[in-house]
Amino acid sequence: MRFFSDNAAAVCPPVLDAMLAANTLDTAYNGDRWSAALDARFSELFETPVSVLWVSTGTAANALALAALCPPHGGVICHDQAHIQVDECGAPEFFTHGAKLMLAGGAAARLEPDTVRGLLAGIRNDVHQVQPHALSITNATEYGAVYSPDQVAALGAIARDHGLGFHMDGARFANAVAHLGCSPADVTWRAGVDALSFGFTKNGGMNAEALVFFRPDLAVASRYRRKRAGHLLSKGRYLAAQLLAMLDDDVWLANARTANAGAQLLARAAGDRLVYPVEANEVFLRLRADEAAKLRALGFDFYDWGVGEARLVTSWDQDAAAIAPLADAIAAL
Amino acid sequence: MRFFSDNAAAVCPPVLDAMLAANTLDTAYNGDRWSAALDARFSELFETPVSVLWVSTGTAANALALAALCPPHGGVICHDQAHIQVDECGAPEFFTHGAKLMLAGGAAARLEPDTVRGLLAGIRNDVHQVQPHALSITNATEYGAVYSPDQVAALGAIARDHGLGFHMDGARFANAVAHLGCSPADVTWRAGVDALSFGFTKNGGMNAEALVFFRPDLAVASRYRRKRAGHLLSKGRYLAAQLLAMLDDDVWLANARTANAGAQLLARAAGDRLVYPVEANEVFLRLRADEAAKLRALGFDFYDWGVGEARLVTSWDQDAAAIAPLADAIAAL
Amino acid sequence: MRFFSDNAAAVCPPVLDAMLAANTLDTAYNGDRWSAALDARFSELFETPVSVLWVSTGTAANALALAALCPPHGGVICHDQAHIQVDECGAPEFFTHGAKLMLAGGAAARLEPDTVRGLLAGIRNDVHQVQPHALSITNATEYGAVYSPDQVAALGAIARDHGLGFHMDGARFANAVAHLGCSPADVTWRAGVDALSFGFTKNGGMNAEALVFFRPDLAVASRYRRKRAGHLLSKGRYLAAQLLAMLDDDVWLANARTANAGAQLLARAAGDRLVYPVEANEVFLRLRADEAAKLRALGFDFYDWGVGEARLVTSWDQDAAAIAPLADAIAAL
Amino acid sequence: MRFFSDNAAAVCPPVLDAMLAANTLDTAYNGDRWSAALDARFSELFETPVSVLWVSTGTAANALALAALCPPHGGVICHDQAHIQVDECGAPEFFTHGAKLMLAGGAAARLEPDTVRGLLAGIRNDVHQVQPHALSITNATEYGAVYSPDQVAALGAIARDHGLGFHMDGARFANAVAHLGCSPADVTWRAGVDALSFGFTKNGGMNAEALVFFRPDLAVASRYRRKRAGHLLSKGRYLAAQLLAMLDDDVWLANARTANAGAQLLARAAGDRLVYPVEANEVFLRLRADEAAKLRALGFDFYDWGVGEARLVTSWDQDAAAIAPLADAIAAL
């Protein structure tokens, strides 16, 4: 069984059904009725007017968001383990035309207010140094930690005080909200977030993410940037339909809860092997090479994470029964 | 009935079936077995080793191809009505980091060798002027004309003589090949083409295009560029499956033949209203405003094209019976 | 004697003297007292508060101005013979990160209001097409024509109505003003110009141009862009000193008047050989190959301009006596 | 007296004389006889054929060099205190179109082979991560340390083994060579360096730096990039003349020796206040706020460097007599 990434899971039935239902002639690009419904539907979810753009990947959503918040000569503060820094092959630099990522550390890939303030204090305010224009965090983080509304708001206050745009990479936003049990609004715009990459693909979609702008004016230029980046699909309705299907009946939350629950089962089995608290659907645990080999021999697939650690990711389609074999195997190590 | 674009047509059954068949767990990104099969399958079709990248849009395919062929300080020769110039919101400039499109005219959006030679002759070979590094043509052209193998080869010879990379925008490549009845190889690499944007979306796909490199070395950097542009989908198998399904049993050709045949029916009905010879699935005809209104009143939807002209595009799902009402209505004007 | 470009002339004595006077220790970059004096000095000249950046080349001034006025996904309307299109190796595309130059024709490289309006009318207002964000004209034009205040204002009104930034490439602005006899304000901000590349190098400077922003807010980001482009010289005082020396005692006007007067002498000699009216310091005349050879045999150096034409450029250091031999030779052809 | 930067010093007499001697009509851009002499003159100095481009700033030289060595989707390994990272406002990102600087630490801003190897080992070789394409070091470093030929060669071997282009920022290359007493070749191409930013401005020039390519093929595209960046001055002879004047009679070495000797005087006076060994013309010393105030009250100007430290920079025009007052004041603290 595969635990190496939620990226590889199958598409959930409501999404597939919605795509099949969209398989009729309609207007091209984003003129169709599914795309046209997005702003209203997401505004309802977020309890405030938002502008939403569908894109095919989280990388595109992140990079478009950063381009909307940071000029080419500016900088984006983020964690040194952030996906935008580590795993997007320079997409932020491409879309922003060369803005600099300004890196800070922090446990479990979480930025702390003091760290951000310290980084800001070290930047001379002159033309020789790249000036920060945006702040980006990932929620849930790359190491499975979740920022609470208060934690986001503390960073949001810094962003506001320093005139920084505030972006949230929510590739696993659903897992974060499922963990927090709060309103999506609480952990985003009410905490100062300007733009959210709201991920659906890892959570049961096929190839659709929502770039949500809480300041709708930011979306205007982004619509040109999306086209210019080759991300305006001619049959966009198949993307919009995925997003709508995930919001209907809170499929997004149900899927995330399943994945989170799976991770909790693994966490319990892992006990003090855990490297970080498990708050979403990722489990990092200490695992010797021979232990990893033993698990793999049993048919479990996952990534080594540095030396002596491993990453296990649970998915929307893995219920307790699907998780149990691995949990048992870990407990038996 | 809609004739405004093949962009809006539904997805054909074999493609949908293939996507459903791919709805199982597999490796993420392009590590899956469908993606892994692409190079071999397209190499077979083109009778030469090729490297193939799936992308979601023709704009991305075109822009990635141009970025592979032209440095930021270079220029790309193309028709002034080329899609890359007129309808991609500057995607070529984005992906190439600012290369200049060097425009030439020509009937039916077709570049002629003499015109290209004339344009080349007018460029001073010094550092003050952008130097041409690539040539891009569209086949079938934006006005429904088809370059024959000889016509492509004549341009290919110019490209070779001037050290230009040679790109073909084949958003309607299937329609061109269906018209020509030649091997895909004859109208591409055998005629000097280095990179082809091979379109499937307009021809019955959902959101998959193939960027085909006939010089496989060009693909190496392009794989990084694809990721960096946010075009490496995490569940890439759904794109690869579309491409494979279209090649199986020559669905791509069958679909294109249907669309072309529909255009011929319209062309016959249009008679001397035709602005250009109809060689693919686009029909441009002279139509007064009152005539256009009359057709629209009958339920036919299409684009006006400048003043006194209209564009009709037929699709893979429109057989003779589906075309007949419009053909009759045109004949009856 | 050389008439191929004012680019190659020597530096005038007041400029050299000022540079020598600046050869003392002072603060680096633009913190010195010469640089600090620029805004006030140019504001006085232009009768309005302006922000001024020195740069070493007209290409840098133009490209920085366009980057301030046009986003990467936008377009800049200019003449198809404009220096920014023809002779800057893509600098506008580099500095704007890929904005598209949108070309229009017009006699003597002069844009006409109707032409600009026509070009604007042809651009669909959707995300598939690059939208215009700026208008750029050259005064005096590349063919030696001069826009009057009214002519500039007519274009300025179009720019204002369409929300376009308005840039003037004034590589030979001094020659234009010398010809017009108007206030520099009349032909710039009073006519709607937002940014002016005010050239000094061709007019007797060594390597200093002034980028003048009539909307000082535009200068803020441009100061970062200048540094980022490697154009913030560490000993900037030698550039600032040049600009100040040229403004003192109206050296800039005196030099331009000399050059213009020389061109008039040549124009008179050329008679009906003239291709364009001579309004600045460039003379385009019809010249057969044998005639060109004859002039060259007499020691005159100049550029052929296409077939059967030649370009003669006069400089600040060529008085009537220096011009007379060529004028006589032309008259004697 | 000012010790805050060699950037602010006056221009040395041989350079000024050469500029005055160049004040005659000649061909524009880099067609003049001074520019034409550069390749041969620098090839002689470096004992190997090189291609040389003059530019006005070290930032431009560095950024052009990196653009020649690293594609937009690549990375440049450098020290986290490198000028290209800290003080160029993102110029490397601008010229490379978004390449990522990959940062490593090291005492006195010097990269160590083990550190570089460790950084390289941490980069996964897949398309999700930016791949390193170049290595850049500064010699002398930003903290006044000098890489020996062996130290450079050790890094050069790593670069060669990993296919990285190797750039040296030599803003104070003269100071490094003066310290080492070696041939310029030994510490550059013989040690694997591909491109050198050879600084002259800090060392007595006005606004001229030499970008030296030891692989002349790299210079071809760079000449277009220089123009495109607005760095091809129309009267380039005034830059070329500066470079030639500095090489004549080894003015560059004599100036650097003077500056280095001044730094040694200060170093001796500073004793155990020194933060780093003094090997070039920069002195970093521990200085309490009250001590700094005392020195400033005596008329000495310099930069604080973080808390409790200060940076003193000596210049070509400060001989022992000019240094003595500050040395005495430091000793007397």
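Per-chain residue numbering starts at 1, and chain names A, B, C and D are given in the order in which the chains are listed.
The rule is short, and it goes like this: a contact is a pair of C-beta atoms (placed from the backbone, for glycine too) under 8 Å apart; a residue touches a chain by one contact, two chains touch by 3 or more.
Keep in mind it's a predicted model, so treat the numbers as computed, not measured.
Q: Moving step by step between touching chains, how few steps can get you from chain A to chain C?
A: The least step count works out to 1.
Q: Please flag the chain sitting at the greatest distance from chain C, going by CA centroids.
A: Relative to chain C, the chain whose C-alpha centre sits farthest away is A.
Q: Hey, how far is the Cα centre of chain A from the one of chain B, in Å?
A: So the centre of chain A lies 34 Å away from the centre of chain B.
Q: I'd like to verify one number: the distance from the centre of chain B to the centre of chain C, where each centre is the average of its C-alpha atoms, in whole angstrom.
A: Comparing mean C-alpha positions, chain C is 42 Å from chain B.
Q: Can you compute the centre-to-centre distance for chain B and chain D, using the mean CA position of each chain? Integer Å is fine.
A: 49
Q: Where does chain C touch two or more other chains at once, residue-wise?
A: 72-73, 88-90, 94, 97, 127-128, 224, 227-228, 232
Q: Chains as vertices, touching pairs as edges: which of line, ring, star, complete or other describes this one?
A: If you draw each chain as a dot and join those that touch, every dot ends up joined to every other.
Q: For the complex, which residues does chain D have touching chain B?
A: The touching residues are 71-73, 97, 127-128, 131, 221, 223-228, 232.
Q: Which residues of chain B touch chain A in the complex?
A: 2, 4-5, 7-11, 16, 20, 23-29, 55-61, 63-64, 88-91, 94-95, 201-202, 206-207, 224, 227-235, 238-239
Q: Given the complex with chain C, which residues does chain B contribute to the contact?
A: Per the stated touch rule, the residues are 72-73, 75, 86-90, 93-94, 96-101, 127-130.
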